[in-house]
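A short write-up of the structure that comes next.
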Amino acid sequence: MCRWLTYCGDPIYLDKVLFEPRNSLISQSLRARHSHVTTNGDGFGIGWYGDRPTPGVYRDILPAWNDQNLKSLAHQIRSGLFLAHVRASTGTATSRANCHPFAHGKWLFMHNGQIGGYERVRRRLEAMIDDRFYCHRVGTTDSELVFYLLFSEGLETDPIGALTRTIGKIEHLAREAAVNEPFKFTAVLSDGAFIYAVRHSTDDVPPTLFHRQRDDHFMVVSEPFDEDEECHAWREVPAGQMLVIEKDGRLDMAPLVPRI
Amino acid sequence: MCRWLTYCGDPIYLDKVLFEPRNSLISQSLRARHSHVTTNGDGFGIGWYGDRPTPGVYRDILPAWNDQNLKSLAHQIRSGLFLAHVRASTGTATSRANCHPFAHGKWLFMHNGQIGGYERVRRRLEAMIDDRFYCHRVGTTDSELVFYLLFSEGLETDPIGALTRTIGKIEHLAREAAVNEPFKFTAVLSDGAFIYAVRHSTDDVPPTLFHRQRDDHFMVVSEPFDEDEECHAWREVPAGQMLVIEKDGRLDMAPLVPRI
Amino acid sequence: MCRWLTYCGDPIYLDKVLFEPRNSLISQSLRARHSHVTTNGDGFGIGWYGDRPTPGVYRDILPAWNDQNLKSLAHQIRSGLFLAHVRASTGTATSRANCHPFAHGKWLFMHNGQIGGYERVRRRLEAMIDDRFYCHRVGTTDSELVFYLLFSEGLETDPIGALTRTIGKIEHLAREAAVNEPFKFTAVLSDGAFIYAVRHSTDDVPPTLFHRQRDDHFMVVSEPFDEDEECHAWREVPAGQMLVIEKDGRLDMAPLVPRI
Amino acid sequence: MCRWLTYCGDPIYLDKVLFEPRNSLISQSLRARHSHVTTNGDGFGIGWYGDRPTPGVYRDILPAWNDQNLKSLAHQIRSGLFLAHVRASTGTATSRANCHPFAHGKWLFMHNGQIGGYERVRRRLEAMIDDRFYCHRVGTTDSELVFYLLFSEGLETDPIGALTRTIGKIEHLAREAAVNEPFKFTAVLSDGAFIYAVRHSTDDVPPTLFHRQRDDHFMVVSEPFDEDEECHAWREVPAGQMLVIEKDGRLDMAPLVPRI
């Protein structure tokens, strides 16, 4: 498992949410409280939207709590929409290519979970990646694979449809391959204007997801920060739901129904 | 391009050939003399056969001249058959997974060269990897891809046949895809008992290859060491030839004829 | 805090003790059971004695559980006396220079603990390093500093005296500087012929130390491996004691009395 | 030797000067034209002033031409005053702590050159660092040492005086130690408001330094970019001179006279 967070609202310096809170994401990289795997030391990454058409990305394989570069960058970089992730590998190697967020064009993607029986279905899933995107798949994670399947299913023009079709196809293929292990998919996508956060699993224990809405921002996180009196402000995203957040402040929640 | 060396003979400490000679492989990582690309600083690796059934491998992305671990390991490790490589990337990322030598079972493989038009043929070539080996392909290099094609073509039972068939299929597919850029393949394979070194290209400038035979060892290298009076002992491997060296001292050379 | 182990006996492959046992050192890097700090992911290192006069050392800043090189090396390297360490930083940076074991000449050193009030006494302690050794201090840890103080106090000719004098001087200087935090020193030194393991603290909670004696080897560890029926074989080293183990099989234990 | 550049003027994205020009700094990391050492692959770093009181810093030990993070950061970060450096080590280890620019408070510092006979004078120079700064020295380079000597000599209140006194003291100590090798010091300091660039050596071959003035910016560089028709715009800084550039556009040049 992993831990991630997404912020969307008035521009702030990244360290305000990455480092400052008690049980910040960086603290969670050392010891997460809501996860079966408590240490998330197999790499980290940040992605943020600024003035350029495409987002910036900084990823490295050191544990996040160790990285002086991350500290400095988070102190300097100001953004109104950013993603951050600390990784606990579910089997694949530790390398920058396997760190989240994954980026392509203006899109960023992070995932907590795994494709059950990945090694048995990996080849067939990779075969489903459209030619235009195949050469961009440079790692070995199931997460990056899902990302490029989303593109192959039309993410750029129909994100919600791409999500439902991609999840549907992965699950269909897993059934065909007689895979028993669940497909766990608590994930977030963004194009710099919208955020799509999903909490989904084929079993009844999808990885956790919480969100919080304030006057000046939204946050969607794997695990809340302890902020004393504000603890109650975090609301759990129910299993099977998808949040759609617009940068201008709208939030919608609806069921995510996989389809082929 | 890259630089590599292979040693086969009486066991020696690796640093004797990796560090000690003038224009050693480590020097070549900083400035190679026989290569168009003079710096080979995109990673390095060593593979060596000892007492275990499978070889040891140490690979890292730091330039070889910088690495204290490599220095220490080369000083301690003693072997009668070892391979070493310093990398100059031909486009793919710098990561441990993309460093040579590649290892699978008892086999090691290093490559200097590239598959012409790689990005256009990569997908079709990856589709040719047999299911048993597909999950072991964890990087993005054309070199690692060739390695698993060799396995798919029967490397474990018929190494020479696997080489001719693999090269043949790559070239056939490149012609089908109307690729003009050459396939350059100066490479070495070993299973701990034999060494197969090939100097091949579809154009007439295959990457360099030299060999040297002494009473107590053979060496096959991209670029000779300067050892004054011994310079003359290095003999160029003609284009299109394959060396087969047995650990007990036999050496054969024969043309390599690609076939489908 | 950190976790470490030392093996001395019939030569074995390092992975037999580094990876194979339940709660092996590599497992302890992810989650140690006997330590207040449970994750030791700020780097690792191994040092081993072979045929050369000086020991080999391999250290890296990745968490040990991630490192494919370590796995391969531990599988290939065979030694009758080796040390291994997984690090949890007590404040200083994560870099190879700050990983244990530290090596100089034929000596290796590992430390679990810290110099209390280190930043306040660091300069004065560094001033006590003899000129001959000063240039070898390349990191910033208190551990490496202790190592070169040991050399300055005559480690090469009188290891036990050097230990008592070094600890004594550190504690004297700390008292002078009105430092309240304790000096915790559970450490091991070796020259390839002897092992000196110390469990010492100025308070009454020195970091843990256990040892085990078998027909064919000794082991001294921060934390025992769970090996079911063999658990009872681990004996705690009492606070304030030093073990001296000879490679040929002798073991002595005696109090360590700091002196100036 | 190394290569570095400093930009001061209208805010631009860093990649406009780091990556875009022919013979950009990143190209120079692979092959510099004006330097005896052509490869500068022992690490790199950038420092930039933005909205915070202190500058951001990003440093890593990979060769600059390899680093995807650097590419992304340079594409996103916009600054009116920034420094960048690619390193060729003069002997000390490759680690993040040894990469330039060095940062302390609002100050940044980069250096091309070396303290002659460094190992013989290192200890005495380190003893001259004021207590307030000693604990911030975390690497082993002569460059970082000079940086903290500058602070000890009053950099924060009298930068030019600090430069003359620091250089004077280093040279005095070198003469006392009968060091023959020259002190080469082509360096730059900034506090975000001013830039102090120095081209100095005790012999007559100080490392190169060029500057260029445009309507909207200044640049000071080790080696000019090839920009065809603009080549003539680069002017060599004479040996023994110091440039003082104000952020608002003033530039002064005057001799730098070391003094004790």
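All chains are identified by letter, namely A, B, C and D, in their written order; residue positions are counted from 1 within each chain.
By our rule, a residue touches a chain if its C-beta (ideal position, glycine included) is under 8 Å from a C-beta of that chain, and two chains touch if they have at least 3 such contacts.
Keep in mind the model is a prediction, meaning the values are calculated, not measured.
Engineer: Looking only at C-beta pairs in contact, point me to the busier pair out of A-D and A-B.
Structural biologist: If we tally the contacting C-beta pairs, A-D comes out ahead.
Engineer: Once the Cα atoms of subunit C and subunit D are superposed, what angle does the rotation have, between 0 and 180 degrees and to the nearest 5?
Structural biologist: The superposition gives an angle of 180 degrees.
Engineer: Can you work out the whole-Å distance between the CA centroids of subunit A and subunit B?
Structural biologist: Chain centres of subunit A and subunit B, defined by C-alpha means, are spaced 39 Å apart.
Engineer: Identify all positions of subunit C at which a residue touches two or more other chains, and write them in rising order.
Structural biologist: In subunit C, residues 68, 93, 96 touch at least two other chains, as defined above.
Engineer: Taking the complex as given, what residues does subunit B use to touch subunit A?
Structural biologist: 92-93, 95-97, 119, 122-123, 127, 131, 134-135, 138, 140
Engineer: For the complex, give me every residue of subunit B touching subunit D.
Structural biologist: Of all residues in subunit B, those touching subunit D are 30-31, 38-39, 41-42, 61-63, 66, 68, 89, 93-94.
Engineer: Under the touch definition given earlier, write down the residues of subunit D that touch subunit A in their complex.
Structural biologist: For this pair, the touching residues of subunit D are 13, 48, 50-52, 54-60, 68-69, 72-73, 75-78, 96.
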